[in-house]
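Note that chain A is present in both complexes that follow, paired respectively with chain B and with chain C.
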Partner chain A sequence: MQNIDTTPQELSTGAKIVAAVVRIAVAIAIPLLAFGVLYAGFLFLRDSEAPKWLVVIVAVIWGVGGVALLYWVFNWLVEQLPDNWIAILQPFVFVGPALFILTWFLALPTIRSFWISLFDRAGPPDSFFSIFTDGMPASFVGLANYKAIFTERLMREAFRNNILWIVFGSTFSVIFGLIVAVLADRSRWERVAKSLVFLPMAISFVGAGVIWNFMYEVRPPNIPQIGLVNAIVVALGGEAHSWPAYTAISPWNNLFLIVIVIWLQVGFSMVLFSAALKGIPEELMEAGRIDGAKESQIFFRIMIPYIRGTIITVWTTIVIFTLKIFDVVWVMTGGQFGTEVIATQFYRQSFVARNPGYGSAIAIILLVAVIPVMIYNLRQFREQEAF
Partner chain B sequence: MASVTYKNVYKRFGDVEVIKNMNLDIADKEFMVFVGPSGCGKSTNLRLLAGLEEISEGEIYIGDRVVNDVPPKDRDIAMVFQSYALYPHMSVYDNMAFGLKLRKTPKDEIDKRVKEAGEILGLANLLDRKPKALSGGQRQRVAVGRAIVRDPAVFLMDEPLSNLDAKLRVSARASISKLHRDLETTFIYVTHDQVEAMTMGDRIAVLEDGYLRQVDSPRNLYNLPANMFVAGFIGSPSMNFFDATLVGEEGNLYVDTGDFRMKVPEARRAPYEAYVGKQVIFGLRPEHIYQAEFAAPNIVPAPFEAMVEVVELLGHELHLYLNSGSKSFVATIDIRVQTHVGERMSLVGDMNNMHLFDKDTEEAIR
Partner chain C sequence: MGSAKSQRRWGRFGINLALLILVLAWTIPTLGLFVSSWRSRLDIQTSGWWTVFPHRAWETVLVLDPGEAGLDPDTVMEIEGATGTFEELRDGVVADDGKTQVTWIGNKRNGRIEVQELVWTVNWDFTTENYQEVLTGKEFTFTQPDGTTTTIPGENMTDSFLNSLAVAIPATVIPILIAAFAAYAFAWMSFPGRKLLFIFVVALLVVPLQLALVPILQDFRALGINGEFMSVWLAHTGFGLALAVYLLFNYVVTLPREMLESAFIDGASHFTVFRRLVLPLSVPALASFAIFQFLWVWNDYLVALIFLGGTQDKEVITMRLAGIVGSRGNDWHLLTAGAFISMLLPLLVFFALQRYFVRGLTAGSVKG
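Here is the complex of A and B:
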């Protein structure tokens, strides 16, 4: 924290230490006090017999007002200090609590997950410090869970499927989004078309799963097919299958699940692409036309490079999405028929098979896989701002 | 190298007619300037020629070929845009080479031409840069470079200097004029700035409201404006217009504005005889009005008086806003004149440079 230099003049080492301590103290004190105030308010309101609406109003004022007041008081306190100390401490009155809460809720659980992942299903000892007095418990397995992840059959299936998800899910979401954006841009029905494509975005993954269950609904051969997909397949002389569960085509039955996410995500990519395309100056295309470019060349050599940043952003965002995919698989197949993915494995191991150590290890692997994409994604965002 | 011809060209956007019966012959290797206030149709005319807009009626020829239905890429033109429209993802080199690459020009030919253009425009050491890393003046030169490597028959420029600061604009103006001499190609240049028009054009086409008002050399536009619009548009400050009556008395012809009366020189009388006794518009440029003591030699003086209302000293020029009684006007006076607001000043107008316009048609009486 010390390297954030807001000081107008050099501080002595002693002052630097004091500054760091006070900064951390401010960062921790504010949220702790805020939680205290909020908790006291919760207890007070819980035990009161006032009418519901009054409780709601008081709660809102108490919650928002209390936190605001807290910030205000701390800011006021800091402003009583000499000028250079205000510069040192004031940012931390506001940023500090956010950093602290972020650490508490994100960094600590991550570290804890990693800790748990080093143990078998019996889990880590109740107190971390007991390892110094009692030594490592028998449940400690080191990195064995990680070794298992890369050797176990279901996990390897999950990795394979996740790669399918990334490759097909993100690529087709980007391609279809781009096509819709370009076509809609030239159409009189732009708004209607875009709204229709965008609508699925409003549906939750679970909801989409339910909808697509109907799409893939299969009936015995002698009765009419009510599922749209099978109705079409049968009408064309094919054989009805419960497509996501059709293991004969494994691993390609995963595509029937991936389609669902593409259906959901095309709207997202279309909206971003549409905005980016509209941002291309008309004169740029005209210059291309005069330079001798055909419409296809203008598209691939001027428009696509121009919106390259957006394409990468959308693509990486969907890659992160598909890496973490869970709901659709869980609702449609529950991970059976060779459709297991990393996240379903994580859930199954942690909460069904009651092996939190193994589950945590999977979660850590998932995290490690997402982080580089995330960093790339963030960098793209930053670059676009600079553009 | 080619001539350009507009023949009865109309352009309509829906019900709005933005180009009305444009007829113009532009000679091969000519530097033609389209000038006029915003919305006059000058850019639209250029875009019609470039093929970026469709012609509603009439024909445009490049050389002897009707290009109405020829796509922009086959018209053998190059265009410099106001915003430069450089491809942001390409280096300066690639920006200039793009058009040649699309035309499948051999690689070493491209290289030769781009480097040549880079030399001419002083971009030789910037060829690897992206447009983002260039200054406004450099970008403008890249835009010009992109046009010249193509070696087109006609060069189109749509206000290429309007995004430059005033100082840079002056030097860029000169370098474009020089480029025209060196390339010996037809240039068509759109601007709203009459200084650019006057300094660069072989001929200037003045447009207003979709109509072509006059086409002529800069000198003739200034000396012999065909109508009140051109008279008022060319020259700064603008020409003064007075409502007047032509009066014939004792064998002489006078312009009578009500406030003052000026004698029409014998040499200029002939075309005006038909208007004797009629209402006309009398035009006199500010620079053709003198303070009586500082009148230039060789003028045909006509004395009158007016009250000084505003004094503007520009250093090399003194602009006076004067009132002759019922009408305000501007005069550019010798800077040695000492004056103050409220002074009644003796003036002379140079009747050799008088202009008379028909009150109804606003056309010059010749």
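Here is the complex of A and C:
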């Protein structure tokens, strides 16, 4: 793009002014036009009675095209400026939107959630500054929500269950992932086996909930069981139960939900382990074999220590994942039968019981629990260059 | 030497067997759903889906009228080698040879006796009706065992499938575009506070999205975009962006410096270099992240539930499916077909782009 300095010398001052006015007018008109088009698209999407497929196509074009258009317009605006201004402003055209959205969606909500968590269900005052003029409203409860989190029965149940999730969910995901990776590495149908084990990763939690509800389906004793689990139990002489809702074995009925997440996550741990195992130098294993080590010794003395870093990464990743587990529990039991977890409690308090103060306090606790694991994890991730 | 060889063969056999068992255990739940979705409502309700495989089952070979056969229901009777009282026969009595079962159906006076033999059989009555019901909302009429007919409504999932597309495609492309610009700037442009701002982005990876839901919902209500597709796009963009910037930065920063520099010497602007050089060169990273983000959004339930909940005409497919689970949890013919339709696109992506898929999902697992 040309800038003012390179305008031909012979132009009169008047012509220069006209050119500048036109330039400014265009610089205003183009963004206005772009915003106008985007706003028209927004109104169409909000109010249109058009057929569904048409709305979908417009939505996709509007959403994707709109963002690209905004970048183009802002960049074009900046490139109209002198060179030294471009150098200063252009980086912010590039990173600005990302920083704005991250601040809006992640950074500020952290502070705002903490603020909300200090109030009861009436919530904080509409304006933050009113606390200086009118004083703290009656809804201010200080840290009472946090105190309630650690004393209330349902929350304690949720913490207990999350510990079960962490202990059993992540440990068995790691163990099975490792077993599949080691076995597949030595078989001829490695690719097929790994694909099939990885496949559940593509399935939504709601879908997985349906799949496992069907597995656990229970029928009265005198008619054939249609759920595989109960069919096997009955065939072995046991009694059919609706396992995740079988409160007599509480809290172990949670294990029937945890199985679902193990089923979903083993694919993930298997892939990382498989890659790590392939990184073990063949000479190392061969040396072990020549020294007369058994396969089990090679596994425990060579393989495991060698891929220890990966094991810890996978384990911590699944720990974070199980800390935040929501969909599976919500779809399978809705948190009933003693299966409540932290995230379902958060949802229930924030959006069902309409007590966002309490809900936000739970979310803050979740953040505090996740931070140390996440920091460790990111460090590992960088070292491994997994991407 | 020979024994070592046979030992190794046994070892290999054991490895393959163990692997086979694990793979089967991982496949069977999905297989059961898939098979069931093609079976009729009555079949699903009365027999396990595994009966589509060859199995031994009792098949009626002879129906007797107790009166004609001269049987007195108040005594112990012997029929076709099976002995028992009326009550025992009601539950079915297996003859001593184990190959014949005799069952009294109905009451003492008007009942009938069925003589059944154990035969090899398969239940292969497949139907496309379940899919028609969940895709078109077609009503379904069936005959109850007592002869009355009942009509139950279907579930129209086509609309929610389209809604999911309208949510998932922009919610995948928008964060990638924004993240790619930011990653490029962090990697190749100089501006004050670059390092600090990048640390800020990475630090936000730890924020669980639950934390943002309440405040963001307030903002969306104030802006009047709650319940619009746009609200979910923005939310998914916000929640996916930190990871996207981080991953794309790691990739973009490895692009050869000389190539970009020679483009600048030729007078190309940053915008041109980004569009003509960096985007095309980053396709593998973009594709991996795109697949991860697409699946994440497609399979998401929580975010959609909060920002689109209450607007029925914008319901996405996971919400619809969860809705059927909640309201009609025993209509397995709808649930199985519905669940499979919701899984269709992810599975297609999985089989078509497996390499990018695995890479994207494993890298995306650090998402906050």
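As a working rule, the second predicted complex is superposed on the first by the 278 of 387 C-alpha atoms of A that agree within 3 Å, B and C clash if a C-alpha of one lies under 4 Å from a C-alpha of the other, contacts with A are read in each partner's own complex, and residues count from 1 in each chain.
Just so we're on the same page, a contact is a pair of C-beta atoms (placed from the backbone, for glycine too) under 8 Å apart; a residue touches a chain by one contact, two chains touch by 3 or more.
Predicted model, so just to flag it, every value in this text is computed and none were measured.
Enquirer: Mind telling me which of the two, chain B or chain C, contacts the most residues of chain A?
Expert: C
Enquirer: Classify the contacts of A:A144 with the two partner chains as first (chain B alone), second (chain C alone), both, or neither.
Expert: Neither: A:A144 stays clear of chain B and chain C.
Enquirer: Once the shared chain is lined up, is A:P356 touching chain B (first), chain C (second), both, or neither of them?
Expert: Only chain C is touched by A:P356; chain B is not.
Enquirer: Touch test for A:Y71: chain B only (first), chain C only (second), both, or neither?
Expert: A:Y71 sits against chain C, while chain B stays out of touch.
Enquirer: Examine A:I211 and indicate which partner it touches, taking first as chain B and second as chain C; both and neither are also allowed.
Expert: It touches chain C, and chain B stays clear.
Enquirer: One more residue to check, A:P109. First (chain B), second (chain C), both or neither?
Expert: A:P109 sits against chain C, while chain B stays out of touch.
Enquirer: After superposition on the shared chain, which partner residues are touched by A:I28: those of chain B (first), chain C (second), both, or neither?
Expert: A:I28 contacts neither chain B nor chain C.
Enquirer: Write out the stretch or stretches of chain A touching chain C in their complex.
Expert: 1, 42, 45-46, 52-53, 55-56, 59-60, 63-64, 67-68, 71, 75, 79, 86, 88, 90-95, 97-99, 101-102, 104-110, 112-113, 116, 176, 179-180, 183-184, 186-187, 189, 193, 195-207, 209-215, 217, 222-228, 231, 263, 266, 268, 271-272, 295, 317, 320-321, 324, 326-327, 330-331, 343, 346-347, 350-351, 356, 359-360, 362-364, 366-367, 370-371, 374-375, 377-378, 381, 385-387
Enquirer: Using the touch rule from the top, collect the residues of chain A that touch chain B in their complex.
Expert: Interface residues on chain A, with respect to chain B: 281, 283-284, 286-294, 297, 301-302, 305-306, 308.
Enquirer: For the complex, give me every residue of chain C touching chain A.
Expert: 11-12, 15-16, 18-19, 22-23, 26-30, 32-33, 36, 44-50, 91, 158-159, 162-163, 165-166, 169-170, 173-174, 177-179, 181-182, 184-186, 189-191, 194, 197, 200-202, 204-208, 210-216, 219, 228-230, 233-235, 237-239, 241-242, 245, 247, 250-251, 269-271, 274, 285, 288, 295, 298-302, 306, 318, 321-322, 325, 329, 332, 335-336, 338-339, 342-343, 346-347, 349-350, 354, 357-359, 361-363, 365-366, 368
Enquirer: Using the touch definition from the top, list the residues of chain B that touch chain A in their complex.
Expert: The contact residues of chain B facing chain A are 50-52, 71-73, 77-79, 81-83, 85-90, 98-99, 102-103, 146, 150.
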